[in-house]
Every structure is written in C-alpha cells, then in structure tokens.
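The structure that follows is given in the form of structure tokens.
By written order: A, B, C, D and E. Residues from 1 in each chain.
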Amino acid sequence: MSERLTSRLGWLLGGVVLLAMPFYLERFWLQAGVFAMAAAIGAIGLNLLTGSAGQLSLAHAFFLAVGAYGYCVFAGDSGSATGLTGWGLPPVLAAVLAVALAGAVGGLFSPIAGRVRGPYLGIATLALIFIGQHVLLNAHDLTGGFNGRAVPPLSVFGFAFDDSATVVAGVPFRSMEKLWYLGLALLAAGALFARGVLRGRPGRAINAIRDHQTAAGVIGIPVARTRGAIFVLSSMYAGLAGVLLALAFQHAVPGYFGIVLSLEYLAMIVIGGLGTVSGAVIGAAFVTLIPQVLTKYSESLPLVSAPGTGGVAPGEASRYLYGAAVVAAVLFLPGGLARLPVPRWARKGARDKAPAPTSRNMEVST
Amino acid sequence: SGKADDSDGGSGGEGGDGVATDIGVTDDTITLGALTDMTGPYATLGASVTQAQQLWVKQTNEAGGICDRRIELEVRDHAYDAEQAVSAYTELTPRVLAFPQFIGSPYVVAVKDRVDGQDHVLITPQAWSASLLGSEYIHMVGPTYDIETVNAVSYLAEEYGLSEGDSIGHVFFEGDYGENALEGSRYAAGELGLTVEEQRIRPTDEDMTAQVTALAREGVSAIVVSAGPRQAASVAGVAAASGLEVPIIGNNSAFAPQILETDAAPALLASYHVASPGLPIGADEGAVPDLAEAYTAEYPDALLDNGVVAGYNSISLVGRAIETACEAGDLTRQGVADAMATLTAEDDGFGAVHDFSDPANPSTLASYILRPDESAPGGLVVEREAAASDLAQSFPRE
Amino acid sequence: MNGPQPLTVTGLTVRFAGLTALDGVGFTVAPGTVHALIGPNGAGKSTCFNVLSGVYRATSGSVRLGGRELTRETPHAIASLGVARTFQNLALSAHSTVADTLLLGRHRLTRSGILASGLRLPRAAREAGRHTERMREIAAFLGLEPYLDAPAGLLPYGVQKLVELGRALCMEPDVLLLDEPIAGMNPTERQHTAALIASVRDSLGLSVLLVEHDMGVVMRLADTVTVLDFGRKIAEGTPGEVQNDPEVVRAYLGEHQETETPR
Amino acid sequence: MTAFLEYLVHGLSLGAVYALIALGFVIIFKSTEVVNFAHASLLLAGGYIAVRAQESVGFWAALLAGVAGAATLGALLEWAVIRRYRGADHSVLAIVTIGIDIVLLTELARRIGPDILTYDDPWGDALVTVGSVTVPQTRVAAFVTAALLIGLFLAAFRWTSWGVAMRAAAENRETAALMGIRLGRVSSSAWAVAGALAAVAALFLSVFPTSGLDRATGEVALAAFPAAIIGGLDSTTGALVGGLTVGVTEALTTGYAAELDFLGNGFGHIAPYVVMVLVLLARPAGLFGTRELSRV
Amino acid sequence: MTAAVLRVRGLCVDYGPVRALTGVDVEVPDGAVTAVLGANGAGKSTLLRAVSGTLRFHGGAVTEGSVALGEDRLHGVAPARIVAAGVVQVPEGRQVFARMTVADNLRAGALGARGGRAAVRAALKRVHELFPVLAERAHQRAGLLSGGEQQMLAMGRALMAGPRLLLLDEPSLGLSPLMTTRIARTVREINAQGTSVLLVEQNAALALKLASTACVLENGRVALAGDADELAASDEVRRRYLGVADEDAATETGAAVAAGTARPALSRWSA
C-alpha cells in the first residue's frame, strides 16, 4: 500500500471514530472533549504568535475572556430580567462578532505588541490579564461580576445547541453531543486555516520577522503591520476558543480567565511542539485531559490517592505530571509530542514545517 | 449504542422496599457527591469539610445507614478550577442523589441552571453568598454573608456604642464573599447612620498596612473584616502596633486557629471578634463535644476548625432530608429536595435552628459572636449567644 | 516599473551620538551600471546602505530614486520601489529552506494575505505557482538548485552569501545594493560570483551599488568608484583613476600592497 | 500630609522587598536571558526551608539555612534543566520555568498544607517612629538589606570578572566558551544568587505586618514582574527603581482608594501594571534597560 | 622537525547524520604558522571547533581520532579548560558581544588569561596600539561597530588572553586591504613572540605567505599537505586557491555568461 493511501485511510479512520464518539460516550467525556477542542483552537492561535512569530504572550486568557463575554453580551437577552446588558442578537451573529471583537481588542494592543519585543512583551501582556480581571469583576452590567453570567445557547437556523434532547438513531442528543460536532468542525477549520497561513506567504513573512526583524523590513515586509496582523489573528483564535468554551460551560466565570490559564496555553504549545498546528492540538489535548482522567480514575490509579485520604491527590498528581511534561518535552523532545515517532498518517504535523524557532530576536552586526 | 436507552444514568424505578428511587440510590446504597477543593486556594476549608463528612458517613453506616442503605460519598477535588469543577459536577451528577458539599460559589452558580432545569439535585454548598439563594435545590446551611455582616455591625453598634455619624472600616475581598458582606455592612450602616470606609483587597494581599493607615486617616471607630484569616491577623496586628485601638470583627471565614500563633496574637486576643453561624468547635454545648472528640479520634493530626462543624452540619442535614424522604417513600432526587423543604425548625445541635422552606432566604438569620481564646480547641469561645439582630430580620431581599 | 532610474545621493549626513558616520556624501548611480563604494573599515559604507534601504534615518541630505525622495520612507516602502539589498553579515533564518528564503524575496511582488492563504483560495495557489517557477529560474541561474530544500543556516558561508544574492534578485529590483557579496569566498568562487553580478547587470539592466574590499573584483566589475574615508568622500572616478589616487592609496590601499615578501 | 508621608514610607519599604525579588529576576535574566517564572516557588522554598530549620536551630542560623537552601535549589534547577536545553530560543526556556514552577509549587503547597508558618524574628511588631511617621522595624530592616544587596550586585556586575563573564555568557554562549568562561559555573552561580535573594525576600514577606508564610506567599513574587520590567530586565539599578515604583504605586493607590474610586473598585491592584504599560510605551526596554540594538 | 604543539590525528566529526570531517591529520609545529585552505564547506571551521571543543554548540561531535596539545589530550575536554591550556580562537564571523562595550569585550577576552594583572594590562596596551580604533571606541557597544572594526575587536579580544596557540578563522574577512596587511603583520609578530598559529583563510595568497606549513581540505579530507612554499608552487593550489591560472578562465566565463551560452542568463520577469 502506498504511503499516501495509508495516510488517507488513517485520516478516514480517525475521522469516523471522532464522528461516532457522541453515540457512545457519556456527557462527562464529551464535555472534556469539547474543552480540549476549544483549548486546541486557542493553542493554535497562540502557536501562531509564540511559535512562529516568536512573540511571547501571557494575554491569551484575556482574549479568551473577550470572546466568551463578548458572545454573552451580544447574544444575551436584551430584556432586563437578569439586570445584565444583552443585545439579543442571533447567536451565530453574536459568535462571529465576539471573534471579531477579540481581534479588534488585539488590534488595540498592537501598538504595544509591535513596539515591545521578546521577554518584555511577555510580561507586558501580563498587564492585560490583570486589567482584564479588573474589568471582569467591576463591569457588573456586562460580565455579571465575580459569579459571572449565563451563556445563551447557540442556535443555527432554529437548531438549538441546548439541553433539549434531539433523538438521533435512538441516542438523545443534548448540548454536549451537539457541541462536540460544532467543536470538531471549528477545530478542523481552524487547523486548516492556520496551516494555510503558516505555509503560505504570511507564514514566511512572520518567520522572517522573528529571525531578522530589520532585514525583513528591507526585503519588503511591513514589519509592524505583519506583526500586528498576527497578533490580531491569534487573538481571534483565542476569541473563538472563548466562545466555544463558554458554550460548553454554559456559564462564564471571570476566575477561569486568569494567569494560570495563560500559562497553561503556553505549556500546551511547548508540550505539543512549537510552531506546528498539530503540536498545538496534541498539547491542548494533553493538558486538558490529564487532570480530568486522573481525577476520574483517582481510586484505581496506584500512586494517586482519593481526596481526603492523605498522599498525593489527583489534582496534585496532574499538576506534577504536566509540569514535568513541559520540562521533559523541551529537554528530551525538542519538537514536542508532535514529533514523536508515530506512524506517518497519524502525524498531522509531519508536513507543517516551521520548526522550533531558535534564533534570538536580535540582530546585530556589521 | 450503549447510550441509547439511557436517560442520564442511574436506576429508575422502585426499590425492593417499595421506596421510589431514581438516581444515586440502589437497593443497598445511597451515593452522595462532594465537590471540594483540597489542592487549591480553599484547601484548608476543603480538607476539614471533607473529613468531617467522611466521619459522618462512617458514623451513619456504623449505625445502620439510612433507609436500610449504606451511604457512599464520592469526593472530587476540583482545585477551585472552573473547568474541573464543572467537569466533576458533570461526572458525578448522573450517579449521586445529592451534593452535601460544593465549594466555590461561582461554580455553583455556573451549574445552577442545570440543577433547576434538568438535574434537580439537592446541593448544600459551602459558600454563603446571597447570589446562591432562590433555587429550591440549593440550600445554604446558615446565614448568608450579608446577614452575618449585618449581625456583626449590629453587635459592634450595641456593644461599643457606635452612634450616628461614626464611621466603620470594612476590609473585604474582591469577589462575592467580600462584596456580599459589603452589602450587609452598607445596609446596617445606612440604618444606623454610620458611614462605611471601604477597602477592597485580594486574597494575595497579605500586608494590610496601607489599608489600616487609610482607615486610621478616616478615623474609623471599628473595623469589619470580610477576608481570610491572614488578612484579619494583619489588620489586627497593624492596628494595634500603630495605636488604632478599635474593635475588629470578622466573618466566619476570617478566622483560623493558626493565626493565634502569629505575631498578631496579642492584638487578636485583645480586640478581635468573629460572627459565626454556629457554636465554635471548642464549645461545651450541644453536639459539639462529641463531634470534636470523634473527629480528633479519626484524624489525630488534623486541625479542628469551623470547617469541621460546617461540613458535618451540612451532611447531617442532608441526611435528615433523606431520612424524611425515605419515610415518605420517595427517595427520588425530587423527593429528597421536597423533604429538605419540609425541614422548618431543624435544630442542628450546633447552636442554630434552620428553616429550609423558603428558597429566597437563608436557613437562619442568627449569628453567634465569638472571640479568640488560645486555650480553647479551635481557638474560639462564645462571646454572645446566637441571635438574629433586628436589622437582619428587616434586611430586604428582592 | 518604468525602467531603471538614476539613484542620486546628495549631501548625506548621518550622526550617531558623538560620531559622524557620514558627512555630506554625494554620488549618482547611473542606470545599468555597477557603482562601487569603497573605503577603510568604519568609513560609513554600510551606514550609507542602511540609509538607502531605510534602516537608518539620515540626519540631513537626500536620496532620490528618479523623482522619488527615499529618506523619509520605511524600509518596506523602499523595497517596494525596487531597491533590494544583501547584508554584510548574513541575515538568513537558520531553519527556513533555501526555497522559502528565496520566495521571501517575492513578498513584495505577491499579494495573498492571511485570508487568502488561510482559505487556500485558488488565486493564492495560482500566484504561488507562478512565483515558485520564477524562483526556480533564479536558483538555477545562481547554481542553488541542489540546495533548495536544505535549511539555509546550515550551508557553507559562501553558499549562504549566494542565497542572500538570490533573495535580493527574487525581489526583481531595479537597484541592487550589495554589501561585500563575495567576502568569505575563495578566489574561484569570487570570480564565479563576480561573473554572475556582471551578468545580471547586463541581462536585467539593473543598477548595482557595490561595497567590496577585494580590489581585483572592484576593478573588474565597477564602472565608477566612490571612495569614502571617515564618512567623507575622498575620491571618485573610474577604477583606474581611483586606484592611483594618492589619497586613496594612503587611506585605504596601503603604500605598497605587496608588503609581504614570500618566504 | 502625614497620611501621604506614611503611604510613601510604607510604599518604599514594601518596594524594597519587591526590589529584592526583582533583583533575583534581573540577575537570572542578565546571565541566562531567561525570564524565570519559577521565581515564586524559589522564594517559597527559601522561606519554607528557613521556617522549618528554625524548629531546630535559632532564627539566624535558620535564615542562613533558608538562603543556602534556596541557593542550592536554584543552582540545582540550572544544572538539571536550564543547562541541558540545547536550543537557542529563550522564550522556550521561559516556558520551561513555568513547568518547574508548577511542580515546585505543588510540592511546597502539599508540604505546607493549611499551616501559617511564622518566624521568631528579632523585630517582632516593633515600630520605628520618625516625626509623624511610623514604620515597622521589619520594613526598615528590609529596606537596608535591599539597598545593601543591590549596591553589592551593582558593583559586582560592573567591576568583577564574574559580572563580565555573566553578561558575555548571556549574549553568546559559544563565544563565551571560547573566552574560557565556564558557562555552567556562571549560570548556576546566577541562579544560586537569585535563590538566595528570594529567600531573603521570603523572610521579609512573612514577618510583621504580614502574618506568616503560607502556601500562597510566593504569589507576591508576581509583583516583581512589573517591577523588573519598569526598571528594565537587565538592569540592577532598574530592579531597585522598579521595585520602589511598584511599592509606592501600590501604597498610594490603596491609601487613596476612596479618591480613585472612579477608576473602578480595587484599582490599586492593577495600578503597577498600568504604570508598566505606560513606561513601556515611552521606553520599550524599561527605564534603565539596554535598548535593543538593530544594525544590519 | 620541531615538536608539534597541536597534533590532530584521524579526526572524524559528525553533525548528526552529516559527516563533516573524515580522518583528518593536521599538525602545528611549535612556534609555527600553519594554514588551512579549502573551499566553502570543506570543513575548516569544523576543524577549529573540534580543537576548541565547541562542536556541541552546533550539534556536532568528534566520533573518531584525537586532538592533542603537546602531551595533553584536548578532545572531550571542556572549552574553558582548553582556553586555560592556552588555545584561543577568533571565531568565524566576528561574534563580538554586541551589547557589551568594546572595553568589556576586551575584558571578557582576558578572563581566560594565564598571566596576572600586569600581563593583562600589557596585553591591553598592545591591543590598543595595534587597533587604535578600539581605544577610541572603548565605551561604544560592540554591536554598533562597523564590520571591520568588529573583526579587529575579535582579534584584539583573543590577544588579551596571551595564547600559546591561536586559532584564526578567516581573520581578514571584510577588512580593507590596508587593514589586511596590518593583520598579517600582527600575526607574524605574535608568532615571532612564540605563539603558534593555526590559520584558516580564504585569502590563500596571504595565508601561504604567512605560513610555514599548510594543508588543503576538500570535502572534509586532507587533500594536500606540506610546506607552504611547496604548496604555493603547486599547480593545483595555484589554480584552485590562488586563482592565478584561473584569471583568464574567469573572464571567459564572464563573457560566456554575458553571451548567454554557457549558462542560462536570467531574463527579465514580466508579471
């Protein structure tokens, strides 16, 4: 069998398995899957920025929040039943607007993102997290404050992604079953889009800016504009991830969108492999699913003890594991999990290039 | 598929004994769920509550269980993380009858629609924010923060003769604990003609010098602390050191026995009070001594603190609701929730009498006033018996 | 693109804190010629390139390409006017392939943005196809074909220099600024590269401004030579004239070039 | 006016502690170009070791043990992780320190549990009064210690071969090796120094007016991020100025919270970040940081 | 023949799967200048990296063979120890510490110095005499120097260590003819003072003039080795590295290119 055929078959098989999941899995797993898909979309966006453009960002959680809350506000009830602002727009339009809003906010930060580079940018973006938290807690009318606000369910042409059951082949489809397919579709679209960007003209340009900023300008690349554009694009990915997460949560809470979340996204792209789309997806799945699996199976895992019995709690175990995974991935798998020797067809990233950035963002010379 | 015939898990129908059941109850077990934080910011509370509840389960099973069924408690540690909290809820809901523990009010709020809309599962959260009121399935055991703070301010006014025109300082956490408490102090102050000097802080702020200096500048005659134990200790220590000799009172969560070992101990002993829904763990009345003894026997290394009482109290009240439901022959989730609402004058043995019939109001409006005492187990003794102040009774709820 | 235009530099001055790197320099690069810029180390040659390509701002003076003033333009705007350059120190991405590096040169000639590339619009694919073809033509011309899939950063220094030249040619420039294009090559490679430069001047009719310390190559390639010393122009003329200018000999070439006697 | 002075003095003394933390950051950044996100756990580790040691030895010996322990831990991390990284991208290393931080913090939180650990420090809750302003003795001690240590490192960086070696190693490891610089030794010494400084900061963060060390104490290290950036990530003077700026900003915005209420309740918490963004807009490399060079 | 300071025997170096050197034997006699010639990519820089112990920075490693300084083994030894033993390299492409001042760059060079303070002071004086611009620009950041100035700094920095064996990788790269002559003179002087030199140089004419022995690397192997004079006289070297016999050929190629016969000339692009 030719390699190409094997690869096709592999993809097909994987696709069928993913599509069949909602018929077999319980809500808990579906929900975990949707979380992972949302995280994967966000991680792809961060990887565009950090992995390919070499810009460290700690503000990803902030843009997730913009997407999530943006959607809530745009789609929320316009009546004053909740005491919260809502524009009452059709949910699909609201979702699109929320993504656009994340992009626009990213655009507002572009002057700083363009001026400030390297570690300085990383920490400068930290400001967005804290300012974001401040706004989330204070702008009660928009965000509902500390306890957050309910997320209106998505509905497409009257088909609602809510908990009312639609029976498909004898299986009641509630919100998670429906969101699973939505998540798959968005993730596939997001991944393909990102690969197109990375392999095409914009991808080459951002790599050049990362490695030799001044030279890139001389070659004809508008440096500030390109960097700004990639920051905006990455923010929009985060915004989309935020919308999907909000839909899965059914309730947006500000505490979730803190610094820890931003750090988790950085961990995802490093564990999966910097600069590749598949790396982002694999890393996101790893970081999202590990705590869920460990918590669920805490009783049957040898080293992990059930809560309240002393010893290492599942929450702790998963943090040890993913902290160690970050370190191990960088030291022993410089390409991340996406570069593990797995069969070719299973390795989506095999053909995305843009290897890990290695040169420092500094040019000096003669 | 395996999922086709399945309506959200569980075994519907009727037990062998003629008791109607749906989810979380089999012929020989009743499964309860605990969503706790044992590794996150509320780990201290989570550990005490969980261990107290495990103790109750053990005691109850030794006494033959409830409704001839053993009790099982499934514990999930969400580390105060939204994703994990919601996941843990999703995982356990298809399998449990009720949640006698749920730490993290944002996450309780997050699942509230699901609880009211489809899950109908009884929850007694360990968070006392007024934003959790209004559901027939979610019942706080004890007064909400706002009521507790109203009681605290009333106590200060009575005891220290605060009069119209005086001002009080309020140091509170951002978030719903602090902000809900602030509503209480604002209301009480408004009624009493006092002004409130607000100082909003974060859980990570540990040095209260700037806040106390600002309050001193405003000439406050008392300070309310709706924060954590460490902040309370810092407030008391700094106030004493800088000569601001005013009474300080904290909410139930603003005390832990550990702070009596810090430099601030003398100041705390001299000027600090705590408003509490129940008796302190060191009290010599009601069910408290038994609990303290059993708990220490079971967990010799664990700290005795108010989380122990809170946890034990919640689960035993849920237990009583289950018993009542059993007697009514309806051990379905709805049956248990309905049974809970029939508990209208329930003496919990820890100094409070609860009424769970009105979802719009907390189960009690009364608070004890406690004061630190190094020699008492748990570090607190009763200063004033439980009482609901007039203001607490007139507190408006929409 | 309306044919090559003269590049005119007048009264160009660049000051850095306490240092005048260029002091009122002026010269004109006639269309279709090779104009060499030589001078001792630190004379201001690369600084001049940096002003021409928009990396440095001139303190005063002007640079005109045809009728267009360049001193106020950004680097990418200047590039879009058809000015391409190579760098004295290599500026290649270590891990990008040679093919990608060359395609980077075509950035200014292509259009597909994030949307078109992300959605893989047919327009983007067509564009990529056409430009890849031209890129291969240029690679073949430079003899870079065997390296197209190799990471540029791992190639030998001399090949990297050729890749830089290729990237500049991929910009289809009217004016080509070459900063020491043959440094680090051995004589054979130098001659080969010099021939390539002469060839593009002739076949593409573009103007070349060349900085180089190898006088042999300068003499062979240049139509006109401008000599800088301490930021000032000290001589200008044909290679022959300049080579015998006593000032140039003193400042740059050294009294007798063959000081060392073979042993 | 007295209130203002009091806020100012309080801010300066708090800022001195931030400066100590920021200085550790800066030293690591200067010598290895790594933004050390694990600084918080290094700090907590130092404090934890000292408090635990105090049970068997006296305060001063315990403090020494904490400093030595955190220094060893820092050097160990450098040896076990940072040194082994083969790539050249420093943002990857920054992310690695996030991983380290997660592991260390989890371990320490597990060990500390619900406890609040207190030092038997010689200062207690004693105060110093100058004119109308009173400050805790601990804070005076912190200020003096910070000023001394920062002066010391400023001099060390500028005048000793250690400083030259460190800067050279940060910039180009291969060439530094060609100069005979022992890369491993240089960078582990930097990490050790940063650890030691963090342990000292941990002490001052957990004595009066704070009520002790607990599992969350390390989070204060976050305040050192804006401090280090405001001053400039590679400037020791910057660490001092940045730390003081953050301290004073925090103290003033908290003190005048009522007057600043129009900016939203709790504005004091984000004020340092707002200052940081403003500084970066004006000077992209911070007040004293080295501007990035760009020559081609 | 005098004893060799540096003796490289059967050296093989791999960069991962890429073999860069195969069985290379090179010797630098005590007190001599030895030149290494070769085309781009022949492995010259790799040889110097192997001697200095810095291959690992490029993902390379010595797989076979040995490098010895006098009696001491050098392969497998940490770079800092090699410097301490007196082997100092001026790396290809200057590699100055761009953000440090010129003065600090020179101080960094002296970190591995074997003498005391006085020796360092003397070395600094010497470097300033050789390259006055380094004294003038002492407080300028090295990254802002011109290419040639950086090359001088790199050279000066190496001299600060007072080496016993100096490895030079293309020291004349980017230097003006005048400065190239000065570098040549410097090499000769320090050699006269007892420092042995291993010189990699594209300017083969210059290299062969300075060196007493030389070798030619081709594709990672030693193709020719012997006395510099002999090599300079050999046809092979004259044609390939001195470019002498090639002069006519080159003009021919140039003409051929222009005429578009030998290789395809590039035609204008029309969009």
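As a working rule, contacts are C-beta pairs under 8 Å (C-beta built on N, C-alpha and C of every residue); 3 or more make two chains touch, one makes a residue touch a chain.
This is a predicted model, so every value here is computed, not measured.
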Query raised in the report: In how few steps can one go from subunit A to subunit B if every step must land on a touching chain?
Result: 1
Query raised in the report: Which is the least count of steps on a path of touching chains running from subunit C to subunit E?
Result: 1
Report summary line: The pair out of A-D and B-D sharing more C-beta contacts is A-D
Report summary line: When centres are defined as mean Cα positions, the distance from subunit A to subunit D in whole Å is 31
Report summary line: Separation of the C-alpha centres, subunit B versus subunit D, in whole Å, is 37
Requested in this report: Quick one: report the Å distance separating subunit D from subunit E, using the average Cα coordinate of each chain.
Outcome: 44
Query - Where subunit B touches two or more other chains at once, by residue number - result: 39, 47, 174
Query raised in the report: Of all the residues in subunit D, which ones touch at least 2 other chains?
Result: 86, 106, 110, 222, 265-266, 269, 293-296
Report summary line: By the touch definition above, subunit C meets two or more other chains at residues 46, 55, 87-89, 91
Query - Residues of subunit B touching subunit A in the complex - result: 1-5, 7-9, 36, 38-40, 47, 50-51, 54, 75-84, 86-88, 90-91, 94, 105-107, 109-114, 117-118, 129, 131, 174-176, 179
Report task. Give every residue of subunit A touching subunit B within the complex, in rising order. Result -> 23-28, 31-32, 35, 137, 145-148, 150, 163, 169-172, 249-251, 253-256, 260, 288, 291-292, 295-296, 306-308, 313-316, 319
Query - Residue ranges of subunit C in contact with subunit A within the complex - result: 46, 53-55, 74-76, 78-80, 84-85, 87-89, 91-97, 100, 103-105, 107-108, 110, 112-114, 116-120, 124, 128, 167, 171
Report summary line: Per the touch rule, the subunit C residues reaching subunit E in their complex are 16, 19, 39-43, 45-47, 88-90, 109, 134, 137-138, 140-141, 154-159, 169, 172, 180, 183-192, 194-196, 198-200, 202-205, 213, 215, 251-254, 257, 259-263
Requested in this report: Within their complex, state which residues of subunit D touch subunit B.
Outcome: 3, 6-7, 10-11, 14, 106, 109-110, 113-116, 118, 124-125, 127, 134, 136, 205, 207-212, 214-217, 219-220, 222, 250-251, 254-258, 265-266, 269
